[in-house]
Every structure is written in C-alpha cells, then in structure tokens.
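Chains: A, B, C and D, in written order; residue numbering restarts at 1 for each.
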Amino acid sequence: MTAPRLLHPGAWWLWAVALAACALRTTNPVLLCLLIAVAGWVVVSRRTDVPWSRSFASFLRLGLIVIVVRLVFQILFGVRIPGTTLFSIPEVTLPSWAAGVSVGGPVTLESLMAALYQGLRLAAVLACFGAATSLCSPYRMLRALPTALYEAGVAVTVAFTFAPQAIVASRQVREARRLRGRSDHGVRAWTASALPVLEGALDRAVALAASMDSRGYGRRGGASVSLRRRSVGLVLLGLVALAIGSYGLLDPGAPAVFRLPALAVGVIALVGSLLAGGRSIERTRYRPDPWVKPEWIVSLAGMVALASFVLAGKMGDTLNPSTNPLEIPAVPIVAVVGLLVATLPAWFAPTPPTLATVSTSVAVAA
Amino acid sequence: MIRFEHVTITYPEANAPTLVDVSFEVPEGELCLVVGVTGSGKSTLLRAVNGLVPRFSGGVLAGSVVIDGKSTADLPPRDLADVVGVVGQDPAAGFVTDYVEDELAYAMENLGVAPEIMRRRVEDILDLLGLHEIRHRPLASLSGGQQQRVAIGSVLTAGPRVLVLDEPTSALDPAAAEEVLAALTRLVHDLGITVLIAEHRLERVVQYADRIVMVPGDGRPVIVGTPAEVFGQSSVAPPVVELGRLAGWSPLPLSVRDARRLAGPLRERLAEVELSAFRRTPRVVGDVVAITDGLQASYGPVTALRGIELQFRAGEVVALMGRNGAGKSTLLNHLVGLREPASGTVRIMGAEPHRLSAHEVVRVAGLVPQDSGVLLYHDTVAAECSASDRDAGLVAGTTRSVLDQIVPDIKATAHPRDLSEGQRLGLALSIVLASEPPLLLLDEPTRGLDYGAKQRLVELLSRLAGEGHAVVIATHDVEVVAAVADRCVVLAEGEVVSDGPARDVVIHSPVFAPQVAKVLAPLPLLTVHEVELALAAVGDLPFS
Amino acid sequence: MKRSGQHRIDVIRLGPTSWALLIAAFALGVVAFAWPLFASANSALDASHSADAPWIFVILIPLLIGVILAELADGSLDAKSVALLGVLAASGAVLRLPSGGVAGFEPVFFLLVPAGRVFGRGFGFVLGALTLFVSALITGGVGPWLPFQMFGAAWIGFFAGCLPPARGRIEIALLATYGAVAALAYGLVMNLWFWPFVSSGDTTVSYVAGDSVAENLRRFWGFHITTSFGFDIPRAVFTALFLVIAGRPVLGALRRVARRAAFEAPVTFIPAETGSTIH
Amino acid sequence: MSISPTYPAMSCARMSRAGRAISVCGVVLIALTGFIVTTSGRAEASSCSGPLSGGELRVVIVVDATDFGGGSSATCLVVPTGTTGSQLLARRSAELGTGSVRYGSSGLLCAIDGMPAAGCGDHNAGGFDYWGYFNAPSGSWVYGNINPFTRRLSDGDIEGWRYVRGGKGSPQDPPPRIAPSRSLFPVLAPNASAVVEQPAVESGTASSLNSSTTIDVAPERTSDPLDVASIVTTTLEPVAVEGVALASSRASDSTIGRWFAIAAVFVLIAMMAGGAWIQTRRSR
C-alpha cells in the first residue's frame, strides 16, 4: 500500500504497551499464548533486517527462562497448598543467616499451574517489549524524543556512532599488545586494552565537541523566563502529585483520589514540563517522522485489544482461571477477538525499507 | 573576508605563545593554503578562525580575528556556524549522526532552519558534492573520500562563506584525495566560498592555491603571498617547486604542467649524460627473510588476498602500493602473524608467525600499525620505553637509546598522546625496533608527517636497511617511495599486479610517478637530489 | 594531571531546582524499588489484587529520569559535556558487551565511578543513566528492567561524585571500597525490584502484603541469598579489584581530558592595540 | 561478533522453533489441566442415612454465611476415611453444586459458595472479614487452631465454618449459629447392621455427642430453633443428590465447550507460528 518507510516508533510502542497491559490483566494461559503469537506474527511481518530486530527471539527465550525460574521457585519455596501431589522433594531448612527459609516438600500440580500461569504472564509482557524493540530502530526513537531531552538524545546518538568504532579500536589495541610481545588473550589483556580504548575515546570526544560546537550545537534562543518558570512549576507539581500517589498506592486507608488520579496528575504534569521545556529551544527537525493513517491504525489496534480485555473483565469472563481447584481455562471470546484486531499492523503498517547496508556496516564495524 | 590583526595566542600551561603577532587578510573567494612544519601552529591558526581557539582550548588570544565583519571575541563558534565551517583531519571523528542525510542536516537543525529550506539545501549539497547515490547510506559504510566529502557537506549546509579545512586529505589515498580537492575547487569557483586549507602534501594542492600563508613556527612572523613569492624563500616546498628553484626557472612552476613547459632545455642537457650513474646506488640484498607462498586471506565473504607469492630479503626496502582496501594492511598483518592464513603459508626465518607466541614474534618481525598510537598505552614516554624493554626481555634502556637515535630530545615525562605525529611514530618505531626484528613492517608511516619528518624517516629507513633489516612500507607517498624503496610491489584487489625495481615500476605508472619523474619523463630520474647530482656532473649548476 | 586533579571539576552544576528534583526522585525511587516491603495488605500494590500496580513504576521511573535529564541538561550541558557523555557512555556499553552485565560482572562501574569522581555528581548521574540506556539499545535489551537499571546506575554515578576529596592511594582505596559497596547495593536493589515479579504469590520467599517490614525483609533476604548472592559477591570483588588495578590510570586519563577539554580553563581576549605589545 | 551478545541473535529457523515451542507448551499445559479436571470431576453420591461400607465416615459440615447475607446450612456427607477438613469442604460444594471453594495464594480460604466474590481476609473495622474454622470435639464449637488441610476427619465429626465480620482471627470470634448437636445427623435406616459393625470407638463418640447435645448451648447461640430446623430439613439427601446431578452435568457440558474453544485458539496460534516461519524463510 504505502511506500516502504519506517513507522513512527511512538506508534509501535503504544501498540506494544497496550498489549503488555492486556497481558497484565489475565493469567489465562490460552489468551497469553495467543498474545505472544500475535506479537510474534506482527514482528515477523514488519521488522527491519537490522541486528536489533532479532531481539524478539531473545526476548522469547528470556520469557521461557522466566517461566522455568518461576516453576523452580514454586518447587523449592512453594507454600504447601493441598492438591494433587505430583512428587515431593526432601524438606530442608536453610541456616538462620539465610533467613531460615524452608525448602522442599510435596509439590502439587495446582501450585505448579499457578506458577506457570504467572510465569507465562511475565513472559508475555517481555514478548511485548521484545516486539517493540525489534520493530522500531533506536535511531528513530531518539529522533522522536521531546526537544527538552535533546542534549541527552545527542549524547546517546554520539554513543551509537562511537560504539562500533570503540569495538574496532579495542580489537586493534589487543593486536597491538601482540605486536609488543604481550599475550592478547585473557582478562589481563582485556583490562589492559580497555585503557587505551578509553584514551582514544576521550581524545575523540574533544574533537567531536569541537566539530559539534562549530556546527552550531547548543545555540538556543533565550529560554523565556515565563516558560522556564512554567516548566519548573509543572515539575514540582508533578513531583508532589507522584509522592501523594505512591503513598496512596502503599496505604489502603488512603482515599481513592490519592491513588491513580494523583499519579495521573503527576505524570501529566511531568510530561507537560518536558514539552514546555522543549518549546523554549528554537531547533528544527529534518524530515521528522510523520504521524498519519498507518500510525493511527497501529496504535488504535493496540488500544482496541486493551479495551476488549477490560470489557471481557467487566463481562465476568474468566481472565484469571482458578488453579485451586484446577479448572479448564475458559476462552473469553471478546478478548480473543481483541487480540486478533491487534494483528492488523501486520497488514496495515508500511513495510520497512531494507537496510541491508546498515546491518553489514555494523557487522563490519563489530 | 578573514582578517587576523596582530594575533598572539598563548595556551594555558604554555610558557611561550604558539602564534606571535600574526596579521594577514584573505579576500573573499580565494583558496588560501596554510603551510608550515608540524607543530608550527598551523592548526592553532585554523582553529582561531572561528574562535575554537581560545574558547575551546582555553588560553589568551591577543589581537583580533574578524570574519565577515564579526569578531571571534564577541561570538562563540556556535554562533559563527553560519559564517565559518570547520572540517577536521579525520572526518569520522566529527560525525554526530549515523546517516548521510542526517549528518548533512545536523547543522541546520541547530540553527533552526525551516524544514522546507533544510530539505532544499540538503538536496543542493548532495548534488554539489556528488553524494546523491549514498544519501541513505550509514556513514560507517562509506569510503574515506566519501566520508570527507560528507564532512564538508555537513558544514556547508549551514551556508558559511568561509570554509576551514585542517589537512582534509592526509588520511586518504591519492584517488580519494583528488575527489575531495576537486570538490573544493568547485566550491571556490562556483560558489565563491573562501577556503582556508592546511596540507602537508603540497604537491596535491599547490596548483589550486591563490595565496599561501607560511607559518614558520617558533615565533618567527608568518609569510603571506602568492605561491610563487612564498616558495621563493620558504624551506618547505613541493618537489616540482624545488626542481624549479634548482633549474632557476621563473616564475616558479606550481604544477607538473607548468614545469614540463619550462623543462625542455633541462631535459636536453640531462639527456647528454649517462644518468644511471646518478641514481641511488641499489643496496646489496642478503638472503630471504620472509616468504609468502600462495597466501590467501578473507574477511567473511570478501577475499582480501588471493595467492600472494612474495619474498623479502635482508637489506632491501620494499614499498607496498595500491588503493585503500587493496590488501596492503592485510598482507602486513599476516606477515606479523596477527591473522592466520586462510590457505597458503607465511614463513619468517622458517617459522610461521601466527603459530609463534607473541613473545617470539617480536624477535622475528615488527609492525608499526597505521595508527601508531595504539602501540602506546602508558602515561609517560619513560614508562613506554621501560615496558618495552621488559616485554622484549632487553637490557633496560635499550628502547630509550633507539628512541634517541630516531627522534632525539623527547621528554621522558611527556604523555605519548601529547606528542606530535612524528614523535609518536618515532616512539612506536623505536619500541618495535628495540628487539631488532630482521623483518620490519610499517603501515602508512608518512601519514601526517611534514617534509622534514619524512626526510628523517627516509634516512632512518635506509640506515636500517643498511644494517640488514628487511623493511616493508605500505604507503601512498610516491615521493618517499622514490626516495627510499629498492623494490615496489603494487597490489590490486588482493593480487600482486606488479613487482620489480621501484624505479621501473614507479616511472611507468601515471598514478605512482613522482613529480620529478613526470616533469623529466622519459628521463629515469626520480628525485630532485638525483637531478642535482646529474647537473653537477654536466657542470652547469645555475647557482654554482 | 596531579595539579588539575587538585580542584574538583563539576561539569554539570546543580541548581536548586535540580536538587529538589533529585531529592524527590530519590524518595520516589525508594518507593519504586522497596514497595514490596512497605505495601500493606489489600493496598493497590497487593499482588493478590492486581498484577499491574507494580508496573506503574515501570512508567513512572523513566519519566522521572527524563525530567531530571532535561533539568540537568538545561543550560549547563555544552558540546564538550555532551560529546564526553556520548563517548563515555559508548565505552561503558562496549565494556559491558562481553558480559552483558550478567554473571555478576558489571564493568559499567569501572568507568562510571571514576567518571563521577572526576567530572562531578551531576555528570555521574547522567552518565550512569545514559550508559545503561545505550547498552540496552545496542544489545536490543530494552525491557521493563531498563528504567530501574538506569536509575540505580545513575545514583551510583551521583554518589561517586559526592565522595570526599582525597589523593593518591587513599583516593584509590576510597573508590575501590565505594565501588564494592555500590556493586553490592546495585545487586541488592535490582533484586528487590525483581523480587515481586519472579516470586509473586505463594512461595515462602515472596513478599506478603501487609506483613511486618521485618518479616518481608527476612523473606527478601532469603530470596536474595538463594538467588543472586552468588553473583553479587564476585561483582563487588571484580569492581574493587579493577579499581585498585586500573583506577589510577583511568583517573589520570579522565583528568587529562578534563584538562584538554579545558572545562574551566580561563579564556581571555585582549583587543588589538595591546595585542602588539604582548611580546 | 554479533552486535547483541546479551541476547545473541537467533537464526530464523530457531526463531520459528521458539514459536513452535510456545504452542507445544501451551498444548501440554491444557492437556494437564484437562487430566486434573476429569479425574477430580467424578463425584459419587452416597446416602447419609444408609449403611456405611468399610472405609467410610459419616460427618456433618455446618456453613454459616448469615453475616455475609447468605443462609446457613448443615450438610451430612459420607466420605472416605482420611478425608481432610478442606477436602470435605470441597466435596460439600461439589455435592450441593454451589460455587467452588476459593483459596488465596497463601493458602488462606477466601470464599465458600462464592461468598465473598472477591477479596480474601480483607481488613474491616479494625479486624478481618474471613471464614472461621470450628470443630466440635465435645459437642460445642471450638475455634479450629488446626489446619483444615491437615485435619483428618473421623466418623461422627461435625465441622463448622462461619463467615466472621471484623474478627480478630482468635478463639473469641463467634462460631456458627447452628449448634453442633447430634440431631444434625439424620436418623439411621432400620436395618442398622452396618452400624453394629462399626468399631466401638465410633459409637462411643456418637453416644457422648448424644448425651451432650442439650448441655452447653449458650443462650444467644440457640438463635431461633425454627431457623435451624428449617435449614436442617433443607439439607437432607434430596438436595445433596440433586446437587450431585447438577454438578456433574455442569462439569460435562462446560468441559466440552472449553476444549473446543481452546483447540480453536491453538489452531490459530499454530497458523501464526507457521506463517511466521514461512515468512522468515522467504526473507532469507
């Protein structure tokens, strides 16, 4: 449909975060598996061919690890709730310096299932993050930063440019060790090579700074006092609100206003301060990423999925199937439909341009 | 356009000023060449143009630097960005972003140029510098010449009237250098931009220069004038100019073309004598030190070397020439055992270097890498020397004594990274030489060296060869090759395309021929020195 | 470098707003990390009620970091500091590549601690945050843990900048000790964050909302011992060892560049008339 | 070297394998669940007034949800020996067909008959709203300090659960309103041969219970006998039997439907995984 281009990273992140929120609302294994599949499907259909776009798979594996860890924990430290005992392991009580935790005992299927569900949920959330990272290029993310974070953004960009060169440099230095008749293997070589790399990096920094400065970096229109004051005010307001909000989170006695509403106010205030701070800097963007129909579709697809989960919860569908007694998880049809909507980006997001050159260059540099 | 008025610059922690009472003016639309020996303050002068000195380095600037009516005392560099553009020696070191287009737009983003204007200017610059095919490429994937052109473009987009370049071609091979210089001349002629450029390899740029600022260093006043005027009296000059001086031509020729026009009579006179007598006497070569047999090397998919068959004998100086990426460095790395041959063998004194322990390798082969700095990682010269003695298991002080022979008067307490290019090279070289390897390899040793330093290097290399070292230099510098090499091996795409006496290889190649050879062709003379000898024999030296 | 080492450079100066911000952020950070210890029964953070409450912090912390960065950057972050931040962050990230920060080997501190020491607390904070961010972007490891890692590292850099003045061996010893402590604390705190996620619900080492802090601490200690103590000890040792071995040269290098970049070198312009009389 | 050593980039083949791994683990998980449900689903009805076969106990369980707004009931059940308090509770709700018993993650009993729908031992009025557990070893309610998971029942036992509002979780909390009297057991059928075969101990306890019914019944506990009586009557076999039928039927139809739904979803997942795999193949 549209010409190959990179979708606005914000859209991808909205979509991914919405999916993550879905995952957090359920322990229903069926839904969670479907959710992971959906994320994977979209990633495979719309990712670029640059190194970081492979990270989804790694996140999946990380998810599996989390599940395993969770199960192992259950087996070792699980509280003994009645149920069908699968097997039981000898019970040991750790010494007091290790907090006298007792380990072992009978392991019931119910508890394992509960653990599995929780692990699966965490894995699904990780999958969402993985999807986001592999779908949008870090460079684009930096370009989308609010202007108030411009300096930090530039620093990160610089780091990005420099990192591959640092890798090359460290290899050269290790070779140089050999040229000087020292071993180029082992931790000592690594440590010794770190220093020259650092030296080079620092020299590089000075040169770079000169180049940036003489290309007009940090030339900012005088931030008008009122704007400055406004952003500071917003910051302080936001902090107070957050403080109240987090207190409300901790204490059930606190009135409901002191919970999410307070947090929301805080978040809005801080975001506002960032934007206000940004406006005081006169700087323009070269070919900024547009936010047009595909962006809307992608972000809305995520939102629809989230809404469907909320709705399913309201309709009393079993988003959290009982594990004690163990029952077959029902499949809330609404949620399933919502998740299917979340696959729309696989067709409606523009195909990314092939960046073979990028990956090769990075590979060469590395 | 550029006006220096009684400028005296003193760095903090420096006891003497680097530049003293410099006054000159460069009118709009000129290409002005800044020459001078290393450490004479060329860079300081260039960086003072947009106020990087002293604002960035700290220190005191007495006098005033006025660019297009704006004084650097009033405005910091960033506010002069749309007046002066500065390009450094290593383009990659100045890149902020990762893609060509972003890099070009960077300056304009900072200046807050309206998006549509930005877009148009980027397109213009892409065409002007011929970068449109690579506009979407990541900077890391570009060749040196392309990178340097992007660097130039990235300052041009801000629309400066003045362009300052500090040795823009010193890191490039001849072809890439030509790319960049061609682009520069186009800028001067088409856009009337004022260009201030420092360059060691005068032979590359002299013919384009309208004016020359000669910085003699150590406090002597700068000399400003047309090339002919300046080279009449300056010590540093390209071979063609020296030849002109020797033959007493006037006006002094600045390009091979001018020189050839004037060289007719000289050629006739030299044709009378048997020139072979005045050639550098070929060295007596000993037995084979290193031998490669069907050497193949590859980085992943790309084959870097294909079936190299070479021998290096004791007492000969071999020049490895060829484009960047022709496989020169790879060959050197294999000779010193940093890489294992994909197939074929490398043998030094009968041993395969990559099988030897680092400790043993340094005794048979020594390599001074392109960036000699990577060999140095202690914080004082003294520490480097003693460490090198320890590494190679030599008696303490060996390295230092070698160093004193190569570059005398280096402070033992100096930090290696604060040394000048030449001094650093000397230090690295002495560390490698300390354990007296029979095979000595140098990768681009003349990079960033001025004529004086190059001369010293040439002498050093010939002495080492005389002592029975087999010396291999990978270089683009034809003048150095002409001066020191016995044998010349030209690589292309990982294959040996020609291997023979340096004189023959060099003379018959349009690319590698030194200026003197070009001027005097078909006469087989390579250096001014040889011409001088020949003329002496003929008996009519103009100034004898 | 000795001489320039004498006076403390503060590349990023902290105004009153910055201080207010930092203090508030610290307080919020404590909540964000340690809520499982304080959360009372059926509060919004009680896992038996909702799973997404803890994730609120995954949104809050990055926002906080962003605001702090914006505030610290405002004005005092010139080209030199940014370039320095960039390359140092990159170097840190590259140092991190071999280990990826796992298996107790966290080389980020090697650079972070001396840098915070030399360039001041504000710089340390920003560097800490950026290094882990860059590392995550390079390795494609942007996960929910990232904001917390950034936050933790940022504070390590910050406090490194707050260490009392010292020279020579004492300074190295100081840094090494700090490095070890910081490494331990970092491990503990990251574990504290991870705690409710991995062991939520029905294990003897998972937090029980509303239980006494002491009880929860006991459980957490159990969790910590059994899970990651094996990593934290080596990490602390590594860090301390490295700082002892390479601390001096690293500090030297940083101070050299601090001198070369002339962060606080005096800049003087003398008008032309007097100019000629200088020499 | 790969640019991402922390999470080494996986080859596409392995990527798809990961995808398949997910669906597989999902299937396994579902299978397990199914196994459990089908095994635990069986519930045999047995008459409380009929003779006991060997290895069976006759017990009464009292559930008092009055404070929650529900009724209170006493149910007589015949269970296999070795049954624990919590299993009895589960069994009861299975037979009456009321909602399953809900336990908190910490093992705390949260809800009986779906009361309360949400929350578990929540704070209220300085105390807790929770289900108190009582036994009647000597004809009067004793606050159950014993763990219902571990307490094994013996014949003639009477178990009590009361929904306590703002309780302290201590023996001071009020017991169920229905007194643990012997009368809660239905009269035995005439041919009591089964009873004769019972071990002496059992009858002993029975008699002791009988003797002690009228004794300590605190005045306010005998909240109007009508109420008790009515409830007792409501909780005799017919209800129980009906409950069984109800429970079994519900189990059957829901399981089938759920299995179909799950199967459908996993077909979907499998399709996606397959599609992804093909796509990655093509991109190579």
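Throughout what follows, a residue touches a chain if its C-beta (ideal position, glycine included) is under 8 Å from a C-beta of that chain, and two chains touch if they have at least 3 such contacts.
Everything numeric here is computed off the predicted structure, so don't read it as measured data.
Enquirer: Looking at C-alpha means, what's the farthest chain from subunit D?
Expert: B
Enquirer: Is the number of contacting C-beta pairs greater for A-C or for A-D?
Expert: Here the pair linked by more C-beta pairs in contact is A-C.
Enquirer: In angstrom, rounded to a whole number, how far apart do the mean CA points of subunit A and subunit C lie?
Expert: 19
Enquirer: Suppose each chain is reduced to the average of its Cα coordinates; what separation in Å results between subunit A and subunit D?
Expert: Between these chains, centre-to-centre, one finds 41 Å.
Enquirer: Between subunit B and subunit D, tell me the centre distance in angstrom, where each centre is the average of that chain's C-alpha atoms.
Expert: 87
Enquirer: Report the inter-centroid distance (CA atoms only) between subunit B and subunit C in whole Å.
Expert: Distance between chain centres, rounded to whole Å: 43 Å.
Enquirer: I need the residues of subunit A touching at least two other chains; which ones are they?
Expert: 51-52, 54-55, 58-59, 62, 79, 81, 114, 154, 157-158, 160-161, 164, 167, 195, 199, 203-204, 208-210, 212-213, 217-218, 252, 362-363
Enquirer: Give me the residues of subunit B that touch two or more other chains.
Expert: 56, 78, 417
Enquirer: Which subunit C residues reach two or more other chains?
Expert: Only 41-42, 79-80, 97-98, 138-141, 201-202, 249, 253, 256, 261 qualify.
Enquirer: In the complex of these two chains, what residues of subunit C are touching subunit A?
Expert: Subunit C reaches subunit A through residues 17, 20-21, 24-25, 27-28, 31-32, 35, 38-46, 51-53, 55-56, 59-60, 63-64, 66-67, 69-71, 73-74, 77-80, 82-91, 93-95, 97-98, 107, 110-111, 126, 130, 133-134, 137-144, 197-206, 218-219, 221-222, 225-226, 242, 245-246, 249-250, 253-254, 256-257, 260-261.
Enquirer: Looking at the complex, which residues from subunit B come into contact with subunit C?
Expert: My answer: residues 5-8, 12, 17, 20-21, 54-64, 72-73, 78, 219, 379, 415, 417.
Enquirer: Along subunit D, where are the residues that touch subunit A in the complex?
Expert: Going by the criterion above, the answer is residues 1-4, 6-10, 14-15, 18-19, 21-23, 26, 29-30, 32-34, 36-37, 39-40, 84, 86-87, 90, 100-103, 105-107, 123, 149, 254-255, 258-259, 261-262, 264-266, 268-269, 272-273, 275-276, 279-280, 283.
Enquirer: Where on subunit C is subunit B touching in the complex?
Expert: 79-80, 249, 252-253, 256, 261-262, 265-272, 274-276, 278-279
Enquirer: Help me check something: in the complex, which residues belonging to subunit A touch subunit D?
Expert: For subunit A paired with subunit D, touching residues are 29-30, 33-34, 36-38, 40-41, 44-45, 49, 51-52, 54-62, 64, 79-82, 84, 109-110, 113-114, 116, 164, 167, 252, 322, 324-331, 333, 336, 340, 343, 362-363, 366.
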